[in-house]
Amino acid sequence: MEITKEIFYIMNIIGIVAFAMTGSLKAIKEGLDLLGITVLGVMTALGGGITRDLLINTVPNALKSLTDMSVALLGVWLAIIIYKVAKGDIGNKYYILIPDAIGLSAFTTTGALIAYNADVSFFGIVILATLTGVGGGIISDLLLGKVPSVLRDDFYASCSIIGSIGFYITITLTQDLTVSAIVCSLMVLMIRIVAILYNWRLPKFQ
Amino acid sequence: MEITKEIFYIMNIIGIVAFAMTGSLKAIKEGLDLLGITVLGVMTALGGGITRDLLINTVPNALKSLTDMSVALLGVWLAIIIYKVAKGDIGNKYYILIPDAIGLSAFTTTGALIAYNADVSFFGIVILATLTGVGGGIISDLLLGKVPSVLRDDFYASCSIIGSIGFYITITLTQDLTVSAIVCSLMVLMIRIVAILYNWRLPKFQ
Amino acid sequence: MEITKEIFYIMNIIGIVAFAMTGSLKAIKEGLDLLGITVLGVMTALGGGITRDLLINTVPNALKSLTDMSVALLGVWLAIIIYKVAKGDIGNKYYILIPDAIGLSAFTTTGALIAYNADVSFFGIVILATLTGVGGGIISDLLLGKVPSVLRDDFYASCSIIGSIGFYITITLTQDLTVSAIVCSLMVLMIRIVAILYNWRLPKFQ
């Protein structure tokens, strides 16, 4: 139990850094200024959790704790340094996609746990868990005036949806939060990695 | 009273299906994938009510009940089937505009009733009632990177505004929720149908 | 104390009118209709405070009081009249930039005071104060399908950030709300005026 908590804590930190870096790099490439880069990085990292907290009527944790914002700002600074110093384009490389997948897994699981405690329906759990995972990316795409990429292509939010359905089934069968959280995070992580490797896409009907 | 409740219930269901179909079709035409189509349909149908619930500090009903989401998903599936099987463009046809007008009327009235109970000002009632009616469409336009069509042209949100002012006047005069709800929904429905028939527009000042 | 309150009250009124005029003019130029012009004006003036109230789980004051909405609507009407009658482009002139700076100062300070009472962290105070100042402009830019201008260039949100950090330092040292509010508002106002005069910009890293 204790070790599970620590693992999730570390996964969440990795996720915040990775999400903040992705968001900041998008902002740098779009020519935003230092403030825009910071806002995009922070919102990509924390926007999903903030939206979830709003929906269940809690003051967002990101406004109350110092840790989340500090870690997100660290990710922003890392992104600027890598872009300027290393001239590195870390856009779609494995060393950003894997931490990003870990973040997606941790965020989705955190969202599912919080939603479960907020006494919402099956749909509520799936929506809140998925929103925790992908909400930050949606907000940052909207701030850049773009159709959110998770709605257009890529097998990304689908990993969160499948994982949170896995969470719901496991919690209904076992009533064990720890087991359900582990099932959820492993499902999201593995499906996401397979989706990257095999370049999965959802169907379109145009 | 009982029969009024049942009529509103049915009008709300018709509205959710019609709004979900409109939203999904927009998403199909913009080339979104299955997830994007689902999100656009669901948000068009339920986004207005979710925004209203956020503003009055309630956990959105869409996250707690199973009905709303199920009916919205039904609308999404209907839209995909009609588009693929019937190759039908139901964009601006009467058989989508009339159910859409019924939905606008039902949503606006529901919003006015909930706002009245939330103890807000006259402006609060008009804003929350109108937002319940048109908020979903605004969110789905924003997700597609477009200026919300209700802000640009069409006599649409104006029907909700006039109807909710009618609600406010009636409730002030009669203190009767049922009568006020009937007045509101009839005003929205009739003004919207007249606006469609005569192609009403609001003035611009450019 | 009393006189300070009155000055803040007047500054807030000036800010609402100035922000509403700026928002409405943007909408007129983009060819929105009367409803769109009204929504853009009202949201530019009140959207920041509404977002802040959502984040700390309060029903937004704009929905409960009649004053804020009335003053915002006054600003909308003024903008339409000036545009039509005087054919005046008040876009970037001093007589709109100075009232706008007063509004930014008043909104930021109000946001900092409310955030302080909501028991959030240092980051929470800075975010909520800045959001109160610039959130309305961000929302109206998003409604027009544009990347929010505060994220792209201009030394604008930075004034709120610096002022609210000043607020935090002063309140920590003195525990005096009145002094901290005065420090915050003077810092925002002066830095903003200097930024306009010297055309300050934040760095970009593209």
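Read from first to last, the chains carry the letters A, B and C; within each, the first residue is number 1.
FYI, a contact is a pair of C-beta atoms (placed from the backbone, for glycine too) under 8 Å apart; a residue touches a chain by one contact, two chains touch by 3 or more.
In UniProt terms the chains read A, B, C = Membrane protein.
Source: prediction; values computed, not measured.
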Overall pattern in which the protein chains touch one another (line/ring/star/complete/other): complete
Interface residue identity across copies subunit B, subunit C - same or different by half: different
Rotation angle superposing subunit A onto its copy subunit B by C-alpha atoms, nearest 5 degrees: 120
Separation of subunit B from subunit C, taking each centre as the mean of its C-alpha atoms, in whole Å: 31
Sequence positions of subunit C contacting 2 or more other chains: 54, 57, 142, 145
Contact footprint of subunit B on subunit A as seen in their complex: 54-57, 118-124, 127-128, 142, 145-148, 150-153, 157-158, 161, 201-206
Interface residues, subunit A side, partner subunit C - complex: 27-37, 39-40, 50, 54, 57-60, 62-66, 69, 80, 83-84, 142-145
